Amino acid sequence: MTNPPFLPRYMGIATFMRMPVWQPGEAADIAMVGVPFDGGVTNRPGARHGPREVRNHSSLIRRFSQATGHNPFEAARIVDAGDVHIERPYNLTDAHGDIEAAFHAWRGAGLKTLAVGGDHSVSLPILRAVAKDRAPLGLVHIDAHCDTGEDYAGSRFHHGAPFRRAAEEGLIDPKRTVQIGIRSTLSELDQWKFSRTSGMRVMMIEEVYKRGIAGAIAEARRVVGDKPCYITFDIDSVDPAFAPGTGTPEIGGLTSLEALLLVRGLSGLNVVSADLVEVAPAYDPTNNTAFLAANILFELLCVMTGQRPPG
Amino acid sequence: MTNPPFLPRYMGIATFMRMPVWQPGEAADIAMVGVPFDGGVTNRPGARHGPREVRNHSSLIRRFSQATGHNPFEAARIVDAGDVHIERPYNLTDAHGDIEAAFHAWRGAGLKTLAVGGDHSVSLPILRAVAKDRAPLGLVHIDAHCDTGEDYAGSRFHHGAPFRRAAEEGLIDPKRTVQIGIRSTLSELDQWKFSRTSGMRVMMIEEVYKRGIAGAIAEARRVVGDKPCYITFDIDSVDPAFAPGTGTPEIGGLTSLEALLLVRGLSGLNVVSADLVEVAPAYDPTNNTAFLAANILFELLCVMTGQRPPG
Amino acid sequence: MTNPPFLPRYMGIATFMRMPVWQPGEAADIAMVGVPFDGGVTNRPGARHGPREVRNHSSLIRRFSQATGHNPFEAARIVDAGDVHIERPYNLTDAHGDIEAAFHAWRGAGLKTLAVGGDHSVSLPILRAVAKDRAPLGLVHIDAHCDTGEDYAGSRFHHGAPFRRAAEEGLIDPKRTVQIGIRSTLSELDQWKFSRTSGMRVMMIEEVYKRGIAGAIAEARRVVGDKPCYITFDIDSVDPAFAPGTGTPEIGGLTSLEALLLVRGLSGLNVVSADLVEVAPAYDPTNNTAFLAANILFELLCVMTGQRPPG
Amino acid sequence: MTNPPFLPRYMGIATFMRMPVWQPGEAADIAMVGVPFDGGVTNRPGARHGPREVRNHSSLIRRFSQATGHNPFEAARIVDAGDVHIERPYNLTDAHGDIEAAFHAWRGAGLKTLAVGGDHSVSLPILRAVAKDRAPLGLVHIDAHCDTGEDYAGSRFHHGAPFRRAAEEGLIDPKRTVQIGIRSTLSELDQWKFSRTSGMRVMMIEEVYKRGIAGAIAEARRVVGDKPCYITFDIDSVDPAFAPGTGTPEIGGLTSLEALLLVRGLSGLNVVSADLVEVAPAYDPTNNTAFLAANILFELLCVMTGQRPPG
Amino acid sequence: MTNPPFLPRYMGIATFMRMPVWQPGEAADIAMVGVPFDGGVTNRPGARHGPREVRNHSSLIRRFSQATGHNPFEAARIVDAGDVHIERPYNLTDAHGDIEAAFHAWRGAGLKTLAVGGDHSVSLPILRAVAKDRAPLGLVHIDAHCDTGEDYAGSRFHHGAPFRRAAEEGLIDPKRTVQIGIRSTLSELDQWKFSRTSGMRVMMIEEVYKRGIAGAIAEARRVVGDKPCYITFDIDSVDPAFAPGTGTPEIGGLTSLEALLLVRGLSGLNVVSADLVEVAPAYDPTNNTAFLAANILFELLCVMTGQRPPG
Amino acid sequence: MTNPPFLPRYMGIATFMRMPVWQPGEAADIAMVGVPFDGGVTNRPGARHGPREVRNHSSLIRRFSQATGHNPFEAARIVDAGDVHIERPYNLTDAHGDIEAAFHAWRGAGLKTLAVGGDHSVSLPILRAVAKDRAPLGLVHIDAHCDTGEDYAGSRFHHGAPFRRAAEEGLIDPKRTVQIGIRSTLSELDQWKFSRTSGMRVMMIEEVYKRGIAGAIAEARRVVGDKPCYITFDIDSVDPAFAPGTGTPEIGGLTSLEALLLVRGLSGLNVVSADLVEVAPAYDPTNNTAFLAANILFELLCVMTGQRPPG
């Protein structure tokens, strides 16, 4: 079910990047997968519809990075492995179990994964599968929120806490974790205390604004270092003027160009897998958010397939 | 915090129908309340935002029914008692517990309730409180779906099954239950078997189309009779041309005029409480759905406060 | 500046029905004109932008009525005479003065007018010009509201009272006035007392529903009779599913087909001029309302140019 | 790549009705296919994006018709055969050639087709393939426009003329052709002269309104008779309140319920293939149009797979 | 009617920042109030609906500034004092009288005010109340337009002239007035002559672009000095990509981050009261504008309650 | 048909900048014209509707540049010469012929042109007329794409290749051509080989970001020099957050302020004519794109009428 690249891009069934649908047993390097779950949100739901809309707009993406000349589709065998089949969506921990199982299976098949959420709570079960046997991983976390919060509304698991849980479970190394783009008002003065006390490097948007993107990249690379790491990109890191289609927007964010440059600047890191989360199409009247997400995914594919840093 | 009726309707804090906010201990007859929960949906979430948007558009509603001359605000003391404070939204049954407790409290305070959802799963905990000591109630159920389905995705409770559970728990009397406006494709040929075997009267949209609204009203009144009953109005009973803002729309539904006439035709029934559910503002670019809901709520208030049947 | 009829309809500067722009002194029969004023609204403003958007969508209208074979553009010289230049928009009565003056000038030039509002308050100054020397006129008034209310918020003039003022000033004959499509809740039980006491024939939407459109037409023709009359069409007579783009929508209205048939059924009446009001493009995401308005204007042109009644 | 039917409907890659993707050589009965071409429009383009959005919303369709109990997916092997790969979209006749070739191939593989446009010009190349060796076919044509017009803007082929060309080429039998829902203004008084002179049965919307849907069905069945026929459903037959997402909307159309009943009423006809055209997602802010189209396609599948007429 | 801060933010009746509704006689420090009036606009109306929509989205704001650690809700007693009840909306000067009276009353009750418009003409009557007995005030005016224009369309009062009138009435000191973000085309070459001749400091957007936000802040602080001042924030100072929901947008404006930093940089000024104006929800399909406004209001609260300048 | 400048801007028939409609034979300097053609697109069509919507929003533009004090409407006689009447829209080369003929006629009448597309393919026939007898012209090309591609889908002419064709035909001088804002993924690594091999100066968005707008302007002026040149502005050069209404958006583009400054910085160049293309209103829910286009057109008028460079 491959869509020939020379065909007009609006034709054909929409898979991620118009890549072939993977069948278990087939050889491949990177699986793009959907995680249609939004049971962990604290405000507006709807990210369950993210994977499909991102697939739709990803068909506009072409082959080569104009900035670096890299073609990830030549550098690796990339496939669309479909969505996690979440059989128990009404229960947060059960759903997380379904997600974890799916990522174990993909990893067992020799696939790196580039996942599309879904809300940010899904990064925790993904990390459980991805970090297994090689924990703790470094983490590049681009987001408006640190997501290292306390229990909320009676639940240890929600989209404001995955990286606290991940650190507590030893999946990520707080000392090699950088959180970029953080901003917004807070419910508690020290709401992200865990980030502070565990040693994560928090780069608030004001610092990004002062350092510039090149400075932010340099600091991120310094923190994460050369050892295996994971990248998680929350679309709400970008300003809602560029990415309105998300459940917990925060004004004052990155521009789309800054977001592109930031991800591209991670080239050369030892990235074992990655995700992009929180695209909620119901709030995206122009589809700009889904299309931006597709472009960020392309940059992530470039980073994951050996692209050399630009410049 | 009452908004004087002579003021332009776009001014002031938006309470239901611009009614005063109720404080525990105050005397009142009918409490309009919000139930901002959508954890029971099977497709598009977002009904948690329904109560607030319905409050907003309900401020356009005036005092008198032009069709009957009835003024529900004179006939009863109507208040806005706020929203159910759902403290455990991540767990369906816990959330239902929070909802049930709130309705017990309101009933204990001597209030009839007119609830605004939220997804249709909330009717079950409401009925548990409302039907207590006087079960089984008759039920007028206006909807595109019978909502008497099997367990789904591992859960006994979801927005496609509340009335099966309610009947099983003895809260409603299937023989005095009428379901109006039913349509759509089905996953199982006998998906609403429970409606059939328990003796509910199912009036599909094709039957409504043939009988006309007057005929549908007559049949509904015959089924429910004079004993206490509950009315539940799912906004997806109305065609999505009129009410796009809902999570599970089904084409081929009632027009807004038919919906108005249908509810108005229930005047004189012995209605103990009622609800209107499934308004999801994220899918409602014109706000027509929230405004339609506000009008249906007005008609329900008329029915609940002694309006004589028209004509 | 005529747009050749064979050209694709999306080309060219948008005049009403792609008609030539009228220059004072030129001979013509019917002037389509805009009245971009919304200072008389009680809720959502925005009808000032109606004329331009209706011009835009009117370019989709073709020449002949398929239902009757009539071509109004052959039967009469129809022009776009531009908008009333309202020089004092901040003062309701001054603005009404500007409007009245413009219509006196057009009438003085021998033109019938088909005006596009603007809010419904503009019908009063139009009637002052149109009815002069031949008052009182009969009136066919298609609307959700009788617009015969009391003073409001300290003003005798607003969009809820023009026809009371018009009757008081002797411009229209209440006995030959029919109001069709009336509905909605009311602030006062007898809010439209003036309609009742002055002898206007009020046909509520429920009556239209029962009589059918043919019955409504027959009754309207009976009331208005053969003497000169004016037609005023408020787009909110139509249900907001069909016409969301208006400032005071009311659910439960006419369908677009009913509206078309109703206007067409007025063929043969002695219509001296007409208007269509309350199109507010800001609330019209599909542009359906402006396009519906353009179609109703075409039907009004047919009625004004000697179309024989259908059937 | 089948999506298990018990999974939540928002999960998985969107194929038509969540059916498996067909590979050449596989046995199947009916191929649902996309025809993403809009080079034949006279006003607003965008129907090239129709197939993908209809796929997306068709995943909400379930298995059984509640009205008749029929399950088309049991009655036949239904597949998604992808889109026509239009390699020369800049030239209308070349593109039509690409389309015709694809349908010849599908027919050669033993498949009936249910095509999703694309603009209405695509019905001509489809009919060339479908009618081959069994022409002339009867035609049920549900539309706001007869589409039997003259050459336009220098082209014999455009979306206002396919059925004239089809009749001229002997593909359809005008005497067994019924056109239902016709309305709108006309550029020429006798714009659809070909329909009249060739003997097609034109049922204008006013006639449908008077006869009722049951009457319209009876007349359609009488005209088409028992011999092989084709069904073409233009989404602009439905009123733009229900189906705004189309390039040439016309007010005063069918309701969604009428459209459903009309198609369902064709059960038992000898339908060799069918299409649904003119869904243009750019004009569809609620997605109601794509979802309506998916439901009509389901009804067409029921008709094509031996459903007995209801009632 | 306080909404507990731990509850999900989409629950409960929407007051400004979920603050309690103020009752006359209660002790408080800062009243957030709405001024739902748009009778002074020159182009698109709709700002009358601003207060309600800003209330709605302000419920997403939390307690602490992450940038400075300040919590305005601890530093002062903040309440929602409702909307000005404008009883004579049809007359600009009468409406201004109603507004002035309300602000005199709030000031008489010992309250600073943070007002939400409404169009910018409302700043004049607010200043009349706020500046009384301590005029002239300094003014920080962030806007795309200087709003120091001549009479327009026969009116001395409109949304393009309030600060000329305020200076003429001695309410503000032009020498301590800074206008930031000014841009757009002009009707007259010296349209803002009054700003120039009276000695206001006009900082056009190009200058802001060159100086950077830190430079703009420094200059604003220098101009206004330590004496009492007022802050007025017109949402159209921000680029319409970030804030489309306004009546007179001008491209080329501030980003949301720049706007946040700019307001935050005013910490330490002697601010007696403030306003934010020109939010028009009808033009805001993503609600980004209302949410941006809520965030700016939070920053203004921080500035008004003793927050120390950042960094 | 001039609209008096003192009138409210929402009144009157919408011509470009409210300029008078030009009649052949009248003296004028610059004709603003529409080119409503989108038959050359590779993805989303709809730019055929650009001229009308840009006319609509251009009525908000006033007379003077606030940045430079220049009034283009005093410096030259500017008119609206209507749209190219494209009589053969179904054939790309025929349509281009119609366009070329129209521009020859306008040039023959002594008019410079400022054209509004339409897709970018229309720049080729415009250049054929504009460059005649004075080729090759320099070119300032602001765009996300170089548009110097190969044949596509069997066509030499499409919106991705006009400047290759223009250079091959000798209409523009590649050595005096600068392309600014280039970005996005590519189908071929050397997709814009022609730009490279012919000697065009390609300034990718990353270079603009590093140099700043002043640096980009300096480089553009250096490349183009003092000899006659043409300016072509593709609205997709701007980021889709600012300009969503276009057929081939690319994230990471210019801000609206950068776009304004960039065009303004071209003042003093020897500009013979210019165009702005690719505004597609169907994708522009806020109308920001059409309004941005109107502002860029104003800046182009300033550049074309002798404005001195700012600063």
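Worth a mention:
In order of appearance the chains are A, B, C, D, E and F, and numbering begins at 1 in each one.
Criterion: a residue touches a chain if its C-beta (ideal position, glycine included) is under 8 Å from a C-beta of that chain, and two chains touch if they have at least 3 such contacts.
Small disclaimer: the values here were computed from a predicted structure and weren't measured.
Taken together, chain C and chain F share the touching chains D, E.
Shared contacts of chain C and chain E, meaning chains that touch the two of them, come down to B, F. Mostly differing positions are employed by chain C and chain D in their mutual contact, as under half of the interface residue numbers are shared between these two copies.
Chain A and chain D, compared by their mean Cα positions, are separated by 40 Å. Note: centroid distance chain B to chain C, computed from Cα atoms, is 38 Å.
Here the spacing of chain A and chain C, counted between their Cα centres, is 55 Å.
Residue positions of chain D with contacts to 2 or more other chains are 8, 10, 44, 48-49, 87, 89, 153, 239, 241, 255, 283, 285.
Per the contact rule defined earlier, chains pair up in contact as A-B, A-D, A-E, A-F, B-C, B-D, B-E, C-D, C-E, C-F, D-F, E-F. Only residues 42-44, 153, 182-189, 191, 204-206, 209, 239-241, 244, 249, 251-253, 255, 283, 285 of chain D touch chain C when the two sit together in their complex. For chain A in complex with chain F, the touching residues are 5-6, 8-10, 60-67, 69, 71, 239, 241-242, 255-257, 260-261, 285-286, 288, 291-292, 295, 298, 310. Taken in their complex, chain A has these residues touching chain B: 38-40, 44-46, 48-49, 87-92, 94, 153-155, 157-158, 282-283, 285.
Listed in rising order, the residues of chain E touching chain B in the complex are 1, 4, 7-8, 10-15, 21, 34, 36, 48-49, 52, 55-56, 80, 82-87, 89, 285.
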